[in-house]
Amino acid sequence: MNSILRSGNDELLSYLWYSTLNLNKRMNKVVKDAKEAIEGITSGMTLMVGGFGLCGIPENCISALVDLGANNLTCISNNAGVDDFGLGLLLQQKQIKKMISSYVGENDEFERQMLSGELEVDLIPQGSLAERCRAGGAGIPAFFTPAGYGTEVAFGKEVRYFDGKPHILESALHADFALVKAWKGDRFGNLIFKGTARNFNPVMAMAGKITVVEVEHLVEPDELDPNTIHLPGVFVQRIFEGKNYEKRIEQRTVRPVE
Amino acid sequence: MNSILRSGNDELLSYLWYSTLNLNKRMNKVVKDAKEAIEGITSGMTLMVGGFGLCGIPENCISALVDLGANNLTCISNNAGVDDFGLGLLLQQKQIKKMISSYVGENDEFERQMLSGELEVDLIPQGSLAERCRAGGAGIPAFFTPAGYGTEVAFGKEVRYFDGKPHILESALHADFALVKAWKGDRFGNLIFKGTARNFNPVMAMAGKITVVEVEHLVEPDELDPNTIHLPGVFVQRIFEGKNYEKRIEQRTVRPVE
Amino acid sequence: MLDRNGIAQRIAQELQDGWYVNLGIGIPTLVANYIPKGISVEFQSENGLLGMGPFPFDGEEDADLINAGKQTVTMLPGGSIFDSSLSFAMIRGKHVQLTVLGAMEVADNGDIANWKIPGKMVKGMGGAMDLVASADNIIVAMAHTNKRGQSKLLRQCTLPLTGVKCVKKVVTNMAVMDITPDGFKLLERAPGVSVEDIKNATEGRLVVEGEIPEMQL
Amino acid sequence: MLDRNGIAQRIAQELQDGWYVNLGIGIPTLVANYIPKGISVEFQSENGLLGMGPFPFDGEEDADLINAGKQTVTMLPGGSIFDSSLSFAMIRGKHVQLTVLGAMEVADNGDIANWKIPGKMVKGMGGAMDLVASADNIIVAMAHTNKRGQSKLLRQCTLPLTGVKCVKKVVTNMAVMDITPDGFKLLERAPGVSVEDIKNATEGRLVVEGEIPEMQL
């Protein structure tokens, strides 16, 4: 116990690679802009899009996706934006075939497309949506949850009792691309989120086959304390510094000055 | 959209409680010391004990538990300490009836008790152990994992194929008390861990009916940035500042100065 | 009869010191205004924060700090931020002691319907299904009857369910009731409301035992 | 025949730029010393860190910074710390591209046994079962035969399994082999080792097709 391993022990040789290591050449996931970041997205793909309401949405990626014009997309996102912002921009262009969300109010075009049958909608309890994304990223193919038992959400799903309480089996969600917004990030893909803009972004970043992150501030790796990173870069494939964030507020609510 | 809600809207009244709120009276989970923190632990209980090897173990709580003398304990902990430190101290006093761990080497007394049949041992793959703790805290009673399929770990467990790959069903773990070590914490129970001393501590903190945390530094709530908290205080019932941390190193390994 | 604030005020009496509480949109939000003296609770917002504070002053709004109703908020010292999976881990794992939410219908076995009206635009359940399926303590805040004067306290819900056998207590503009195996157990009357009034406005089984006191607000 | 370092050196040739790699204790740890020029990989340690750096200088050890072998380590810029559940989320979720570990036995269908010998003290599987069940790419580093000269490359494992049909490649002191539906497919011979030597030392099915080149180290 507590012995000091010294030369002669051949494991000591390990990590000598370090002395020849060019730190500046390690891992570079940085791409130029949103256009390059979403390269490879094609019609018919499934995308995860981070954000809660308009808070923490990947504004740059969504704009680039409008320009790209890919359609027949399945979008997994807690909400569907508003008419002229967020995923609403993709809805306007009829690029979305199906939404997988927990709440889709506040969007007239969405309502029109849904009621006319142009748009498929799969509504999922918010906690199950979050956990299904995490499960997808964590290699957990399915789990039991009490949420939705006895409701139409449970139709066709296995029911099992644990401790006398009914649960339903929910499966993992995956996406061809996850589009994620963070506050700060480095070229390794390490991410720090800000305030409630965190929301679904970390779990969706875990579940994308290709995870694209736009950050407000792309920083040098040694600027981030390893202890404070919200999501390790191992989950991220591409990262870039976004531009011109509007960060629109959906329900600006204030209190009077006393 | 983007409307400003003004007086007249009665929801605006909300949060006026704030003006009468005594911030210093909100949530106080601080207890005096380890002895007070573990009050209520009795023989036969199931405890989770954080740490990986000797890194990040709740030293003060373990000492207090030796003094308390409760026995027939089931301990869920990744490791079992060494002969004269960590959970080894409880083994010396024969306070542990059963260990639920992933790796229990480096402990002669453990080996003796195990081989003589005095001590039950349930070995669990490390990732399943971590996920089962998290599941216990997260209200997920069971989940499927590929780990352990086809091995003796899978005996008696349900097997199901997802995407052609076999998985086994693992259940959540719970504990009467979780004993956890953090670096910094406040009276709300908000926690920040340091380095790899984080390990199992956050997930075990989630899964305790009563979660007791010892911290190296008990700080004022406004000293912790809400954005940097590793584990929100909602999971914590008692917190105290520990003393005399030894932080023993199990495998001190160094490299020669070039 | 109570108004919206009265309902909120009565529910606030249920709060216990040290509880973590999730308040839904509408009447439940108002509960925060009536926390009894000497009691301290923390508010959880399921989009990912604990220690939610008051709305910000004009000009101090932060687009990166909203509540589950998408309103700009502030945070109190001792608060914390987390992702959606951890947020629902604390809900599903019963670490949040009380959920207060509105409803369209409640059945006398504790079933609740509050997310969908067939034929109308469906906005989604948001976090409601997770909340009602998880918390040990679910209080519904709502009017006793709908706009057409029909009871919202039913033998069986007619609308698609949000959760089954989960509501523990209902506080309406007319009454406070616990859900028991025998149905709605009447505990208190609103000022100026008679037991007879409540009986007439309740379609589900109503249990009335002994004298029913008037609420003390 | 290769020594431990030779095995590690040969495995290092399998590394691809940008991979995240988990190295087990023993020979696998040595792989870090032979990373080919121009290739950059990051090391994951399942107790909760990415971007693991070299051992610290004497006096600079930090008890709060160890690897999965409980050895004191350092971190490189760009590293990160996380809890055990997120650590295995990245392993189980296949975000770590390669796992290198030792074994007592490997079967020609990819089964591996490396954690338990009946009758001996069992220390536990640690993270090995999660690692082998998850990663797409599992390379075993071991001696071709045990101390008694018996083959460790078998038709079927005799020891309790760690995982089934999971090993993709085996690098021993004698040979490099892929696991194929037909058994161990011989790819390379160690310097000074003949195909005949390898056949004699391999109990499991061995596929030998065409000329087998000598390893280039």
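Couple of notes before you dig in:
By letter and in written order, the chains are A, B, C and D; residue numbering begins at 1 in each of them.
Heads up, the rule we're going with is that a residue touches a chain if its C-beta (ideal position, glycine included) is under 8 Å from a C-beta of that chain, and two chains touch if they have at least 3 such contacts.
Bear in mind the structure is a predicted one, so any value in this text is a computation, not a measurement.
Chains that touch both subunit B and subunit D are the following: A. Interface comparison, A-D versus A-C: the pair with the greater number of contacting C-beta pairs is A-C. Remark: subunit A and subunit C have CA centroids separated by 30 Å (rounded to whole angstrom). The centroid of the Cα atoms in subunit C and the matching centroid in subunit D are 55 Å apart.
Averaged C-alpha coordinates give centres for subunit A and subunit B that are 28 Å from one another. Residue numbers of subunit C whose C-beta contacts span two or more other chains: 49, 54-55, 58, 71, 73, 81-82, 85, 88-89, 91-92, 134. Residue positions of subunit B touching 2 or more other chains: 4-5, 11-12, 15-16, 19, 131, 134, 138-140, 145-146, 193-195, 227, 248-255.
In this structure, the chains touch in the following pairs: A-B, A-C, A-D, B-C, B-D. Contacts from subunit C toward subunit B in the complex involve residues 4-5, 18, 20, 26, 29-30, 32-35, 40, 42, 44, 49-55, 58, 71, 73, 75-82, 85-86, 88-96, 134. Every residue of subunit A that touches subunit C in the complex is listed here, in rising order: 52-56, 78, 101-105, 111, 114-115, 121, 123, 125-131, 133-134, 145-153, 183, 193-203, 230, 247-255, 257.
Across the complex, subunit C is touched by residues 4-5, 10-19, 21, 23, 25-27, 134, 136-140, 186-188, 190, 206, 220-222, 226-227, 229, 232-235 of subunit B. Within the complex formed with subunit B, the residues of subunit D that make contact are 45-49, 54-67, 69-73, 81-85, 87-89, 91-92, 111, 121-130, 133-134, 160-165.
Every residue of subunit A that touches subunit B in the complex is listed here, in rising order: 1-7, 11-12, 15-16, 19, 82-83, 106, 131, 135, 138-146, 160, 162-163, 167, 171, 192-195, 227-228, 248-256, 258.
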